[in-house]
Amino acid sequence: MIEYEAASAEVRAVYDDIMATRGTDWVNNFWKALAHDPVTLRRTWESVKQVMAPGALDALTKEMLYVAISATNGCAYCIASHTVAARKAGMTDAMFAELMAVVGMANETNRLANGYQVEIDERFRAG
Amino acid sequence: MIEYEAASAEVRAVYDDIMATRGTDWVNNFWKALAHDPVTLRRTWESVKQVMAPGALDALTKEMLYVAISATNGCAYCIASHTVAARKAGMTDAMFAELMAVVGMANETNRLANGYQVEIDERFRAG
Amino acid sequence: MIEYEAASAEVRAVYDDIMATRGTDWVNNFWKALAHDPVTLRRTWESVKQVMAPGALDALTKEMLYVAISATNGCAYCIASHTVAARKAGMTDAMFAELMAVVGMANETNRLANGYQVEIDERFRAG
Amino acid sequence: MIEYEAASAEVRAVYDDIMATRGTDWVNNFWKALAHDPVTLRRTWESVKQVMAPGALDALTKEMLYVAISATNGCAYCIASHTVAARKAGMTDAMFAELMAVVGMANETNRLANGYQVEIDERFRAG
Amino acid sequence: MIEYEAASAEVRAVYDDIMATRGTDWVNNFWKALAHDPVTLRRTWESVKQVMAPGALDALTKEMLYVAISATNGCAYCIASHTVAARKAGMTDAMFAELMAVVGMANETNRLANGYQVEIDERFRAG
Amino acid sequence: MIEYEAASAEVRAVYDDIMATRGTDWVNNFWKALAHDPVTLRRTWESVKQVMAPGALDALTKEMLYVAISATNGCAYCIASHTVAARKAGMTDAMFAELMAVVGMANETNRLANGYQVEIDERFRAG
């Protein structure tokens, strides 16, 4: 991992923008690992910054979506980091509990739909 | 698939509850396929009804989570049905666009975290 | 897909063994697609034949495992073909219903364990 | 995680039922983590108890299905806990070896079917 | 899907760049679907253009990686489109056959490593 | 895990072939875990040896495909071992960086194609 002190000016510029955007004074390991490839570091950060900014969906909803997807994929790093981010964005214990319940249920019914080979309803195709 | 007319009283009771809960006059194929197993039909419906009811998270957020997970898993039936449900719950075109952007981004960074073998930050463990 | 009539002697030998092993007079599309690569065709068939033969686990259990995995992965072809194979091996409607219930439940609790970041119990590590 | 001593009466009732059903004097971490959400704890336990009870399929087959799905999804917690449960239900070394062989093979052929874009045989559709 | 004739200037600019970069006179459905969200359309196209351009890895290798990942995930659209792209970039029948063999094998051994709970070798950690 | 000293002649023969084929004097944990099942050990090693041998695709390309699939599936053991193998086969830092960028992008667009329910273009079907 590339620490701030050891980083090139190019990488530092991204680190500075991460900290400024998030209002923090540290950078998490994900970016320090990506920093070995400054091109991917910049592209990924610019994309994440754009995608996660509040818009039609607020920041909390976006972080909870991230947690849901990461739990579905089993990415331990992403579950840990985005659960913290979601809590920081306002996720309460009750919200986390319901989030997990939906994640579990969706993963269950996804497989029931697969296994029962359910045909898509005409009305859903029109949707 | 088991249609209402051909269903047992036990299955009809679930179908009736689905239609009453959703305020619709039809039942989608997923439940008609599950109806071959009335025990799983009832258990799954009771669970879905409980999990998807508004609580700490509203119905729209829950439907969008369902879409995100279904797109991640590639369940065509679930993507089609829950996208319609999310739209019915108020998802606009702009919200769908941002939802998809988060789904794409999370699936991307999940794999970057995997591939770069990023260690979980101490601060995230404490979270 | 390569039909029997158009197949090389090498491919025909595999087709013949598939039909003899299964006691059928036809070969399903999976093998006809693989036949473009006779080396993979032979290796895959020899492996499948060895792995799916009754041993410590009977043929029905093995076919149900195949259905469970295929439903988890969302492989439509494999779900369709192995559900037929499992029924041929003796899977009843009641067994299929319970199989699907386990598939759904395991996919649900897998994600709950992920999302809640559950630490492995010492006793399970010893296992 | 919520230990028995610190648990509410509601949570203790579930813990007691888990131990009574399994004939054990301890509760594993999965349930202690879920206990932060007593509603999901109860619903999940009731569902697992119902689904995993012997019926048309015996307990051992169900535990092996759980292991197969957990290995496919890469859920480390679930692999560890259900492998122990399967062994307790009677899985021998030879059965585990064949189970793993099927898991590997199914995950392989699922992707070959995907990658070769194999069309579902008419006979399998009728199934 | 948004056809060229119905597209805004902003969307047409992306379509024009897609066709110019690829040396084609048509745009595939993926981009026409994304065009409902011009921001994601542009960001995704710019990222894909950057990532897929020949560099330390040539275009053919990159397309084959795309096919491998799409087959692993079971994304039918992506398998179809990137298999065509890989062939256009020079993938022969023999290369496709070996690609598929690796995809199958990696998906198999990934699950064997999971199921056998194999600990990472010290030498691989140093890597 | 079964060490060389404790291995049967049958298992030692596979270990010897692994070391000879790779030009190393050690065997990694994956094979030592599989050695509990000599039949699967032999079948898997013979398959891996055949599939990973240079042919229409060179060894480096095959190892990078393995890394891409393992990162997509989130198999920590396989990511660690095949990243080392790919570096040994000649993967530079720049190649690894581009490999990861493709892995991330493919996983992203796979889900966008799913979520937008993109229909396969006629031209890709012909492919």
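When the chains are written out, they are named A, B, C, D, E and F in that same order, and each has its own residue count from 1.
Here is the rule we go by: a residue touches a chain if its C-beta (ideal position, glycine included) is under 8 Å from a C-beta of that chain, and two chains touch if they have at least 3 such contacts.
All values derive from a computational prediction rather than experimental measurement.
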When you check each chain against chain D and chain F, which touch both of them? A, B, C, E
Which chains does chain E share as contact partners with chain F? A, B, C, D
Interface sides of chain B and chain F: same vs different residues, half threshold: same
Counting contact pairs by residue number and requiring over half to coincide, which of E-F, A-F or C-D is equivalent to D-F? A-F
Chain A and chain B share one sequence, so how far apart are they rotationally when you fit their Cα atoms? Give it in degrees, rounded to a multiple of 5. 180
Distance between the centres, which are taken as Cα means, of chain D and chain A, whole angstrom: 27
From the C-alpha centre of chain A to that of chain C, how far is it in Å? 34
Distance in whole angstrom between the CA centres of chain A and chain E is 21
Using the touch rule from the top of the page, what residues of chain E touch 2 or more other chains? 36, 39-40, 43-44, 47, 72-76, 80, 83, 97, 99-101, 103-105, 107-112, 114, 116-117
Select the category (line, ring, star, complete, other) that matches the graph of chains linked by touching. complete
Under the stated contact criterion, what part of chain B meets chain D in this complex? 39, 43, 47, 50
If we count contacts the way the header does, which residues on chain D are in touch with chain F in the complex? 74, 93, 97, 100-101, 104
Listed in rising order, chain C residues that touch chain A in their complex are 67, 70-72, 74, 76, 79-80, 83, 99-100, 103-105, 107-112, 114-117
Residues of chain F touching chain D in their complex? 36-37, 39-40, 43-44, 73-75
Considering the complex alone, what residue numbers of chain D touch chain C? 1, 26, 28-30, 33-34, 36, 40, 44, 47-48, 51-52, 55-57, 61-62, 64-66, 68-70, 72-73, 75-78, 80-84, 87, 92, 94-95, 97-99, 101-114, 116-121, 123-125, 127
